[in-house]
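What follows is chain A paired twice: with chain B in the first complex and chain C in the second.
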Partner chain A sequence: MTQLLQALINGVMAGTLIAVPAIGFSAIFAVLRFPNFAIASYATIGAFAAWWANTALALPILPSVLVAFALTGIVGVVAEEASLKRLRGNGALIVAIASIALNLVLENIVRFFFGNEMRGYDLPIARDIRFWDLRIGPQQLQSLGFAVAIMAAVFLFLRYTRFGKAMRAVADNPDLARLKGIDPARIAIATIFLGAGLSGVGGVLIGLDTTIDPLTGYRVLLSVFAAAVLGGLGSIPGAVIGALSLGIAEELALLVAPASYRTGVGFIAILLMLTFRPRGILGERAA
Partner chain B sequence: MTQFHIDRRRLLAGSAALAAAAALPRVAFAQGAPIRIATLTPLTGSGGPYGPVMAKTVKAVVDEVNAAGGVLGRKIELISEDDQTNPEAGVRAARKLIDVDKVSAILGTWASSVTTAVAPLCWESKTFLCTTSGADSITQLPHQGFLIRTQPNTTLQGQKFGEFALAEKAKKVFFLSPQTPFAKSQFDNITAAVKAGGGETASLIYDDKKPAYRTEVDEVMRFKPDAIVFGGYTPDTSVMLKDLYRAGFGGTKVAFGYSVNQKLVESVPAEVVDKTYTISPSPAEGSKAYERLVKLIGVASPDPYTTQIYDHINLVLMAIAMAGDASGTAIKDNVRKISQAPGGTKIDNAIDGLKAIAAKQPVDYDGASGPCDFTDTGDIKDCKFRYEQVQGGKITLVKIA
Partner chain C sequence: MLSYVVFTLTLCGIYALLALSLNLIWGGVGLVNLGLAGFFAVGAYASALATGAGAPVLIGWGAALVVGAAVGVIVTFATLRLRDDYLAIVTLGFAELIRLVALNERWLTNGSDGISGIRAPLRAELGAQNFAYLYLALVTLVLALVWLLLRRLDASPYGRAMKAIREDQQLAAFAGKPVLRFKIQAFALSAAIAALAGALYAHFQSYVSPDHFQPLITIYIFLAVTAGGVGRPSGAVLGAYFVVIFLEATRFLTEWVPGLQAVQVAAMREMLIGLALILVLHLRPQGILPERIPKAPPAPGQV
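What follows is the complex of A and B.
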């Protein structure tokens, strides 16, 4: 029982880390209708931007997260305008493939400037807090807090601001939105900024817990993609639910299967979901 | 604008010329053509901290030998590819090196998984392969002699890890490793050594791409180990060390020198990695070849793989000179004649070696990584190990034995 509870706690922790970039991925899919695999490099860029702010500028973590969000958002918009935008007319598959290429290019730009070495944030490390036979890390709790706050901010933004409403309108029906005078090009830019920025923040949250290197984002790409598919591509609450389910499923699987099969859980989740419910847990349209 | 017009006669003449060129014996071209040697090191991925220096070292030796007139009167042409520490990328790069560049030898494959994947391409195409990978299985492959390695195999390494844990008074030893070709033999040999001393062992193979290992660490802690041996690479080991610290593990930690390196020590908080022991095959520090390498590449203490690939290129160039032929088969048949000729002149670099070979002297190369004497299956016969400990953010030498 303790084991089960501990695995659940660990799963929620792991899930919230994946949820933030998964929201970014899903937001981009909702508006632009293609899976943007470059979010892996956006996560890496975010992690390095925050590392730079944290160690070179000696900023505390919260401002570093904001730096990461802004910088990654800008990188995302520039990369989109410079490369992916002109391919959008050729169908989702072409843009998706191009985004994989873009990911490679950006990852290697990071490598060019920072090298292959691992780096860690300038943060103290704390032992876990123990209660009943369970344990939980103060840092994980802090990351959990960040993740929840960010998710809340994204929900409020989409629900109550003009821009947020416009984004949802374009996601829902681009033609109708255009008739209402919403400029899809501006919405696309805003969405990319938000999606890339959130991926960047996700990279920071992962880096806080571990160390960062140019492959930081790439390592979690499958989990992020699986979470988004699980929750329903294009649905933002779905991405959160998908990420939490995936996190919990991966940790629970460890209790019954060898740890080396952990990544397999993500693949199996995608496979089962696409077979039995292709629109995902919360997705509206069948893919 | 001029128009380029091809009529039938010109086309025929051109084709005939091409066909004639193709029909010329290859030797006519080979005369004076460069000897092609490749490095296939991890420039990216987990091995990324090592590969670039390794490739640079080979280039430095090649430049030096070319400046001294090359080998057999031919220049050496070096082609460097990236295996990305990934077998699939390694195979693609090796195919290119073998099929397109037609290299005689490939040097420096680092991860055991990459070497295992690349080796069959090499022996089938009669290309010579020098590797720094440690998995036992590698020299057991049917490589027909087309492979040598300068890294001690995992039987030897596992035994050292087990004996060291026992010497640190550990009775319950846990082996924690991602899936690698050497994980099993490493664990079996640790177990053999620990059981012989009356202790017990357990192991967990984890997925090395995860951002946290909390549930895995819970499983480790249930075994209540006195010592943990880490079998992973740098990125996953750093995450694992952090999660073990959080879980309150206070026992002995032992890791490979290539995973708990200065980079790792600098990137995690000091208390996470403090007191961790590392074990690595020791380069022949203080030997003539080692001193020469330090001067050549300007790195004060080159890592073991750099010393090994330095030996690879020296051995290969001398074997070519000894054979009077640059083919992979010639290297295979002659490498032991220059690495361990009985009573041979002791040589520590290719330039001196090439002179000695030209003077018809027998040659016994002693390298920067060790004596470089090989068994028939391609393993090294002898090697020292270096025991170090992380103390207050610095990796400090404990002993070389």
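What follows is the complex of A and C.
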């Protein structure tokens, strides 16, 4: 029983961290209609940006997270404008393939400058909080807090600001949005900034839990995809629910399967979901 | 030097088979397979295990074809009905799962140590040098056969129906083509070809391990097919030769840049691959050998 509860707690924790880049991925998918593989490198760049701010500038974690958000947002916009934008007319698959190439380029820029060795953030060592027989790390709790605050901010932004509303309008019906005077190019830039920035923050949150290296982002890419497909491709609340379900499923699977199969759970989850409920938990359309 | 050229050309042939596999599914019915490295691995392990259990090499290759096709159908069965981006995500996940299985199921795959001593046909009789020539000839022969087959397929009514599905699947369905069956068959054949490439690779290296099947290979093949020309088997083959030569060239190129560490050299090479793919997509998306669209025959009565 304790084991099960601990697995649930760990699952919610892990799921909340995945939810942040999953929202980024889903936002880009909802507006630009292609699966952006470059979010893996955005997560890596975010993790390194925050690491640099944290260790070289000796900033605490919260400002480091903000640095990561802004920097990856900018990198995302520049990369998108330079390499993917002109391909949008050629169909989603071509843009997706180009985003894989872009991911390879960005990941290797990080590798070129930082090498392959693992790095850790400068964090105070703290004892786990224990109650009953369950354990939670204070760092995990802090990351959880960040993640929840960021998600709340994204929801408020999408719900109440002009930009947020315009984004949802484009996601819903691009032609109608354009008729209403919404400039699709500006919305695309804002979406990429938000999506890349959130992926960057996701990279930091995941890095805080372990260590970072140039493959940090790639390792979570599959979980992010799985979360987005589980929740319904393109749905932002879906991405959150998908991430939480995935986190819990991964932890529960660890009770019966070896830990090394963790990333495999995401794949099995995608296959099962697509077989039985292809539109995902909250999605509208799949075919 | 000569053995280096023979080695590289053999690798070219194997990559060209992978490119033909991707071209069949992408240039044919318009789907992408991001798990190419996974199917490549499945074939390599299937043949390594079959011949390890005592089967002759040809049976090993046959096993790779069958297992590859079967796995292809199982993996895509659920997704081919859906929008194409789902297939991209699922195949990527599949390659990762195959890597995990190869790493963790030691009883089957010997984990990260890999399987060594895979039988190389006639190597003992011919010696290492002659074996290399023989194997190059063998790989090139298999490549030529598959290329001929796929060219025939392209020109056949079956191939035309595939391309109709690629262009507009609703229209193709309306014209009475069983779209889903075409997609499943094309994917199975494509997966089988990738697995055959894996089997050829396994007996060529006589050693396979999970490290040999990095997702990077999939990106190389995408570059090959885009550069060569999506939708044309000759383009895919040409593209694969170009990519292997480009890869080897970057090896020499980066040696000239002084003061770089090994990891930086590796990073630069991968960066060049990514940049090349982006550039090709921008500058020449139709590839070196663009697809030839045959003219429609004149309608009856118009002649």
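As a convention for this text, the second predicted complex is superposed on the first by the 286 of 287 C-alpha atoms of A that agree within 3 Å, B and C clash if a C-alpha of one lies under 4 Å from a C-alpha of the other, contacts with A are read in each partner's own complex, and residues count from 1 in each chain.
Convention: a residue touches a chain if its C-beta (ideal position, glycine included) is under 8 Å from a C-beta of that chain, and two chains touch if they have at least 3 such contacts.
The structure displayed is predicted, hence computed values, not measured ones.
*Asks:* Chain A superposed: clash or fit between chain B and chain C?
*Replies:* After superposition on chain A, which the two structures share, chain B runs into chain C.
*Asks:* Per the contact definition in the header, classify A:N173: touching chain B only (first), chain C only (second), both, or neither.
*Replies:* Touch partners of A:N173: none, neither chain B nor chain C.
*Asks:* Please work out whether A:L102 is in contact with chain B alone, chain C alone, both, or neither, and reply first, second, both or neither.
*Replies:* second
*Asks:* Which partner chains sit in contact with A:L123 here, chain B, chain C, both or neither? Use first/second/both/neither.
*Replies:* After superposition on chain A, A:L123 lies in contact with chain B alone.
*Asks:* Quick one: classify A:T161 as touching chain B (first), chain C (second), both or neither.
*Replies:* In the superposition, A:T161 touches no partner, neither chain B nor chain C.
*Asks:* Just checking: does A:R86 make contact with chain B only, chain C only, both, or neither of them? Give me first, second, both or neither.
*Replies:* second
*Asks:* Would you check which partner chain A:F112 touches, where first means chain B only, second means chain C only, and both and neither mean what they say?
*Replies:* Once the two structures are laid over each other on A, A:F112 reaches chain C alone.
*Asks:* On the A-aligned overlay, A:Y261 touches which partner chain: chain B = first, chain C = second, or both, or neither?
*Replies:* Touch partners of A:Y261: chain B and chain C.
*Asks:* Check the residue A:I206 against both partner chains and state whether it touches chain B (first), chain C (second), both, or neither.
*Replies:* A:I206 sits against chain B, while chain C stays out of touch.
*Asks:* After superposing the two complexes, find the one stretch in chain C that runs into chain B, choosing from 59-67, 77-85, 149-157 or 203-211.
*Replies:* The superposed arrangement places chain C into chain B at 203-211.
*Asks:* Where on chain A do the contacts with chain B and the contacts with chain C coincide?
*Replies:* On chain A, the overlap between the chain B and chain C contacts is residues 111, 116, 258, 260-261, 263.
*Asks:* Taking the touch rule as given, give the residues of chain C at its contact with chain A in the complex, in rising order.
*Replies:* Against chain A, the touching part of chain C is residues 30, 32, 34, 75, 78-79, 81-86, 88-90, 92-94, 96-97, 100, 103-104, 216, 219, 222-223, 226, 261, 263-264, 266-268, 270-271, 273-275, 277-278, 281-282, 285.
*Asks:* Inside the complex, what are the residues of chain B that reach chain A?
*Replies:* Residues of chain B touching chain A: 44-45, 48-49, 52, 178-179, 204-207, 209-212, 214-216, 218-219, 234-235, 238-239, 242, 245-248, 263-264, 266-269, 271-272.
*Asks:* If we count contacts the way the header does, which residues on chain A are in touch with chain B in the complex?
*Replies:* 3, 6-7, 10, 13-14, 17, 111, 116-120, 123-128, 135, 137, 139-140, 206, 209-211, 213-215, 219-220, 251, 254-255, 258-263
*Asks:* Which chain A residues qualify as touching chain C in the complex?
*Replies:* Its residues touching chain C are 34-35, 83, 86-87, 90, 92-94, 96-98, 100-105, 107-109, 111-112, 115-116, 221-222, 225-226, 229, 233, 258, 260-261, 263-264, 266-268, 270-271, 274-275, 278, 286-287.
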